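In order of appearance the chains are A, B, C, D and E, and numbering begins at 1 in each one.
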Amino acid sequence: MKRTTGLLIILIATCALVFGAGAKEQVTQTVQIEEEVTQMGPLNSNPLSDVRVRQAIAYAIDMDAIIEGLLPGAVAADSLTPNNEWKVAGLEAYSYNPGKAKQLLKDAGWDSAKVLDLVYYYGDQQTVDLMATVQAYLADVGIKVVPRKLEGDLNSQLWVAPKDPVNGTSAVAWDLAYAGLAVVSQYEYYNRFLSGAATNSHTPGNAELDALLDAVNKTNKVAEQKEYFGKIQQFENKYLPIIPLYYQQLFVVESDRLTRNGAGYGNEQYAYDWKIQTWDIKPNADGRKVMKANGGPLQFFEAPFVAPAIFTSQKVLFDRLIVADGGLQNFRGQLAKEYSVSADGLTISFTMKDNIYWHDGSPITAQDVKFTWELAAKVSSVNVLFSGLFKTIVGYADFNTKKTNELSGITVKDNTVTFKFASIFPNALVALSQLPPLPQKYLGTADPLQIQQSPYWQNPIGSGPYMVKEVRMNNYCVLVPFGKYHEGRGIIDEIQLYPSGESDPNLVKNALAGQLDYGWTKSLTDANALKSVAGLKVMPYDMNYTRLIYVNKFAK
Amino acid sequence: MQEREVVLEISGLKTYFPIKTGIFKRTSGFIKAVDGVDLKVFKGETLGIVGESGCGKTTLCKTIVMLNSACEGKILWHDDEFGSIQLPTKDKKQLKHIRNRIQYVFQDPQSSLNPAFTVFGAMDDALKVNGVKSRKERRQIVCDLLRSVNMREDALDLYPHEFSGGQRQRIGIARALCVKPELLICDEAVSALDVSIQAQVLHLLCDLKNRLGLTFLFITHSLSVVEYISDRIAVMYLGRIVELGDTDDLFQNMFHPYTQALRSAVPVVDDSQRTTRILLSGDVPNPADPPPGCAFHERCWRCMPECKVETPKLRSYKVNDKDYYVACHEVHEKLKDKENETNGNK
Amino acid sequence: MNSMQRRLNKKMDILLERENSGPLKKKNLNRALRRALQNKLALVGLGIFLSIIILCFFAPLFTKYDPLKINIRASLQSPSAAHIFGTDTIGRDIFSRILYGGRLSILIGFGSAIGASFLGVVLGAWAGYRGGWFDFLMLRTSELFLFFPQIILCLLLVTMVGQSVGNLLGIFIFTGWCGIFRMTRARMLSLREEEYVQALKVLGVPEPIICYKHVLPNALGPVFVNITLSTAIFILQEAALSFMGLGVPLEIATWGNILNVANNLNILKVNWWIWLPVGTMISLFVLSINFIGDGLRDSTDPSQQG
Amino acid sequence: MQQEIVLRISNLHTNFYTNMRCNKVLKGVSLEVERGKTLCIVGESGCGKSVTAASVMRLLPDLARIESGEIVLYDEGREIHIEALDKYGKSMSDLRGSKIAMIFQDPMSALNPVYSIGFQIIEMIKRHTKISASIAKEKAVSLLREMGISSPETRIKDFPHQFSGGMRQRAMIAMAMSCEPKLLIADEPTTALDVTVQAQIFSLMEKLKKEHGTAVMMITHDMGVVAEMADDVVVMYMGYIVERGSVQQVLKNSTHPYTVGLMRSIPMIGKGKKQKLQPIRGCTADPYDTSPGCPFVTRCDFSIQLCHECIPEESTVSGNHKVRCHNPIQKGAVDART
Amino acid sequence: MLTYTIRRLLIIIPMLILASFLVFLGLELMPGDAVSFMADPETLANMDPAKLDAVREQLGLNAPFLVRYLRWLSGVLKGDFGYSLTSGVPIKQIVFQTLPATIELSLAALLFSTVLGTILGIVSALRRGRMTDNVLTVAGLLGMSVPQFFIGLVSLFVFAINLGWLPIGGRLRPGYESFIDRFPHLVLPAVVLGLALTAGVMRYARSSMLDVANKDFIKTARSKGLSEWRVNFIHGFRVAMTPVAILLGLRLPTLIGGSVVIEQVFQWPGIGNEFLSAIRGQNYPLVMMIAFFMVLATMVSSFLIDLVTALLDPRVRLS
């Protein structure tokens, strides 16, 4: 479950910021929806298709109390869009109001004998408690809910669209589904409500919403996008196709022995300008500078195709072509000396630095970059960020159908590599700042469908500031500074990584044992536990990740 | 002699138990518990079978009541109703019939009664099987039985632990009698009892025999007991009968060296009955691996060369005008002339 | 040895005194039961056991709180007069949760023990009594089960059939029968050689009646002891499975599920009242069962006179 | 021959304290064992004969104790009061094996199954003598040879389960005799054996007794054994010695109704159906019964009023022949009744 | 003895084949298609169905049942145990990485519980009915009554977190190569894992000793004038140990099963931890193979214990 959760959470909204590169100042606008939400009564036999019922659910849940009691540190949500520049003002917060909820239910003629099926798929205690709490709050206003944990193939139980996307009978069994939604861009927050979207198992097509989404999908002007997304937020705020619960935070943990020497903070699930070579730590009793962290390998070093930098090892062992700041904007070259984007946005080219080497001492070439993206295009499981990129590259269709052996859209000339796109992919730079070039000479013969099985991932030859010295899978791995690193040798003598997946209770255990100088977690429970450990600071970071309840409005 | 009615006829009976050894638990040999026994039991007589432990006397009797299965030979039950039944039988009717004809009294008063059942409970099911439908009737039958073994009726609802050893043995006898058998096999029925009690039970058995006209097959290791109770005695050694004859004749003659040794080894109270002790060397051989020829030859002081080669047959001789059987080469030399011509009939 | 000898002497003096002072009345109670009652530990065990059973089954009399009543604003309160064991992460009263959760845990423990024993006894009696291929087959099957660490088998089955109380009961019965099977079988193997069994055969009583009516009751003594002991084991197993999040669904309160929160180091460190009382409750209950089982075993075991 | 007493037991009371009851097993046992003689203790099961032996060896279970009385071992002029020794103490364990040895009913369970016969004999020799291991081994081999075990050099390495029943008992005797004890206690040594083997064992014991002058205290329930083996006899009933004396006196001239009854209820070999068994009626009383009279009174054909009122004291019939009866049967009276 | 050994071995082989078949059957009965567990729903929704089919084909999921079983079995015999679904790593590699840790832990626990349990059991038997015995009896029952993971948590809380005497978890640390270095990591998990078994062994050793104390040969030993020490240890203990060894053989599965829980509590990087995360991740091939390995481990170790038992008992050894 942990792993699934991890994978789910990887997809964090970033591309909006790229788009917003030109429009940094906060534009707050209130867009009025011209018409009232047209449909107030039930759409079909399913009482949940009645807006009033959904509003009643929203009013019935006291999210502030839940956060205070169960989820300290979380932020209550009033929309899918988190509290950033894309957020429109004046949304109804649906604050706790059981009286109003009851009234709404009465108006909607709610049948109190009906039992709703609330499904969830996280196995942790906190989720179970939350479900119990939601159940209790809803019971207070007369809605019977029975939580049920899903097992097995989640996809076929959660996200199967009905044959008729407007009136059709539901293809899934649940009424309410508790889930987390983490996206790359605002589009992905909302495009799943398009009628006929492949994963839209819950919301019958609505012409008004479809029109708004259509409009926003057709423009690449930031101001227009903001306007439309604002309208969508307001529409959903009224129409409530989902009940937003809270925004999740990410917590960075550092011991007070560690100094980052000015390197910034960011969304730790992604590669950003970490500058770890400049980090410093107080020497231990032996006079050596040793940093202990989690995010080490369990059975292998995680390949970067799905989660490019969620493990500490991935961040430290590899450099990218370009690197962004903590908010994943303002790129600068890392392995690339410089990069340029054409005016139409369809060509991006990178000139590689001269003094860049793999950890085995051989030089990193532009061909490695091309190879990496061609490999990514063949790998069975990749992050949407990357698949979005290579799918828009010129010649992808031929490459995918094996008509050509190479992606013609990526060309290499001397130390320059050029990407040509068939259509605009808004997240191109972010994607390029995440997937690190991989050495062709080690991975050239690996099976792309089961890339993780390549022996390379037992002891990878990377390009980053630190390299693997010793690894005992499942126990620890030791990293030491890479002497020929192009931005200077790292200050810390040794980095010890202890194995952990993401949101792993090991983090707390290691911290208690004094074995943690750096780490991060998304678990509120762990963060709260870490706060009480002497010598540790815990810093929350706003990331764009919304927890919500999907409401299935199709007729059963 | 020929007029005596034979109820049970055993011929060439062999009961072997497989010994499983080796990696695959393959049968590597047999314990020859009963190794070729010929025997006739006459109606109304008490036939004593005497022998030391491991000689196969118990196995022989358990084979008769179908608790063990024979691997060779025949057991025939002669009866007015069915003519003769060959045992073991699969026929349900015959089986039920034979279960009511032959009964068994066990040795150990501790384990021969179920501690969880009252006296009545122990016999209840047997009576039910025999079609006694009413509970009252069944209780009456058990009461009568108890009285016939000299016990009080109120013992009916008592549990075994409330009885002494002698009383338990009486109950065991009563249980065997509850189906009105003709042949009662007593397997060491008095061996585990104290001497004073032993005499009581022996009395009871004699009394029952006279009253009910039972036929007894009486197994014991004690020569004095068998002499006291039996009309005829068979001496067994290592799965075979070595000597068989009327009690008086047997005690008078004791042709077989083993019988003699056995007799002489019994400690006696009465000095007048003391005989010169014949000390046998060694133990009874392993029934899984009996010596060739006569099984007794290794311990026998009268061993002849042919004893080591040829297993002596149980031959019939005329002693005092009665059939007398001995299986010994040396004895045969002496008694040749008395050999009974009729033994070929068997 | 001297102090022991002195102690024994004292005990013997008392008995002698009692014997000399007049004829003792014959006691009617079952000897084994009487001996069990003389065992102080067994009595203490019985006391604890009954108190917990009463507490759980008459839970509404002892607590005014609904175990499901959530009061999110009163979460993680330490023990007080209002909540004697405090409240949990979503403000439910822990005391009432322990009582109500106990009902299910005890039900699972006893249900599985009785189910598994029934299965084991029925199969074991026949296998031990009859022998032959049935015995061979069952013996091999039970060996296979014994080679599977039980908790591994449970985990496997839970993932196969899903988490629910019914499933868990079924799984425990399915995985737990072979101990009692082997025990019953072994007892039957020796009992079937008893002479009364042979006597019944000779009397022509049908085999199933001999097996189940006449012989089995004599094999049941140790089996009853085993039922108590396996109840203890099943309760512990339920707790262990729940601790790993794979037992009864987490939203249903059982002792194991309540204890599950101790997985969280912060709660382990700070909110001791969440895990300590329920952990103690499980331990106490299991301990009391073990005390009783131990007393019963001692009293049925003739070699343990004293 | 000068009579030399090896062991004297006087007025021994031993109680068992199991099942929260006090069971008075021995209620005043007195006897003497002489050097080179065999004393047989005879009686029915539960009469206390084995407990007498265990009391002498101080091998009573923890929940039993000697209440009163004396057990005196006479050893080269010394009088050792066994009842006063600590049962687990060194002085008692020094006595066991070297002065008093014991053999048990079932040699299979009396030998430790996991050690070789040799180990168990040598262990005993080394415990009581200061000889080296190799000499002890030689001694064990010669002992086994003396017991009639063929090729003892190899059999000494065998384990008990590889021996036959008779051989096991021989090995037990070899072990018991290894330190030349003054007194050998044999607790039903042949009950588990066949008659022919029993004869072998008895002749072996006779031989040893003659050669070593060992006093033997043998426990048995078989009157035949008594008649053949014993010099002196003690008849026990319900924890009392009811009659004792030489074998002639007790068997030929029985005075206690119980002894008489016993003699008449044994089928005598060679007499066949001609004899008439006269069983003792009833059965042994409850050991916890506390009624004041003679314990045999309920089964006795000769009881008088006094028998119901008190337990008779021991009275002398003639010489060493003593009986505990209010109404002993006079010589000749028995025959008159038959 | 050789016959005995071979026979025990031959009993194990059909059991192993049966176990392997059950494991495979279990794999087949697990809910869902293997491929559907390879990534989270959102990622899967974005994957190309053709690629999924390619993966299915490659994993051999389309062949008939028996073919798959035989293919799987022959693979297992050749040392190819398949691949972890979630990571694609060969299961062999995972097993070889994690099994030594579990073996180390189980052996340590076994050693600890056997030695301590036996000693306490004997002490308890020799001081029967006295204070020591009563205390040990109650302690033994307590050891069997408190949930293992609860003891684990509490001892972690007390000894590692509060007192800081022992490390909180893990097995290896950089630079800690020798066993002595690693020993502190082993102490808590091994002790906690062994505790229940210790209690069992203790109780069993006690009753076995008491049982033997009533045997005739103990009386013989005393009648030989042997010292109490020799009676109890040379004669009593040696015989009493056989049932204890048999008990150990029977309890081994519990020990190995218990390692799943204990490894979880102490973050011991063993196969039990791997098993649990495989179950949580519904990584069925890994789950099944680990289960199979655990059965194999119990079979092999109970075989070894059988041999030891046979060596202890001449009646078996010489037959």
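Going forward, a contact is a pair of C-beta atoms (placed from the backbone, for glycine too) under 8 Å apart; a residue touches a chain by one contact, two chains touch by 3 or more.
All of these numbers come straight from a predicted model, not from anything done at the bench.
J.: So using the touch definition from the top, which pair is joined by more C-beta contacts, C-D or B-D?
T.: Per the contact counts, B-D leads.
J.: Based on the averaged CA atom positions, which chain is farthest from chain B?
T.: A
J.: Counting in whole Å, what is the centre-to-centre distance of chain A and chain D, each centre being its mean C-alpha position?
T.: It comes to 93 Å between the two C-alpha centres.
J.: Just curious, how far off is chain E from chain B if you go by their C-alpha centres, in Å?
T.: 55
J.: Provide the C-alpha centroid distance between chain D and chain E, rounded to the nearest whole angstrom.
T.: Result: the chain centres lie 54 Å from each other.
J.: Give the residues of chain A that touch two or more other chains, as numbers and ranges in rising order.
T.: 123, 151, 509, 512
J.: Identify all positions of chain D at which a residue touches two or more other chains, and write them in rising order.
T.: 88
J.: For chain E, what residues touch not just one other chain but two or more?
T.: 31, 161, 280, 282
J.: Contact residues on chain E for chain D in the complex?
T.: Counting only chain E, the residues touching chain D are 215-217, 219-228, 230, 234-235, 238-239, 242, 312-315, 318.
J.: Using the touch definition up top, name the residues of chain B that touch chain D in the complex.
T.: Touch residues, chain B against chain D: 52-53, 164-167, 194-200, 202-203, 221, 223-225, 227-228, 247-248, 251, 261-271, 273-274, 277, 279-284.
J.: Touching chain C in the complex: which residues of chain D?
T.: Interface residues on chain D, with respect to chain C: 15, 17-22, 24, 62-63, 65, 67, 86, 88, 288, 290.
J.: So in the complex, the part of chain A that touches chain E is made up of which residues?
T.: Interface residues on chain A, with respect to chain E: 1-5, 7-8, 11, 123, 151-156, 158-159, 198-199, 299-300, 306, 380-381, 383-384, 387, 449-453, 470, 472-476, 478, 494, 496, 498-499, 506, 509-510, 512-513.
J.: What residues of chain B sit close enough to touch chain C in their complex?
T.: Residues of chain B touching chain C: 62, 65-67, 95-96, 99-100, 102-104, 106-108, 111-117, 122, 125-126, 129-130, 172, 175-176, 178-179.
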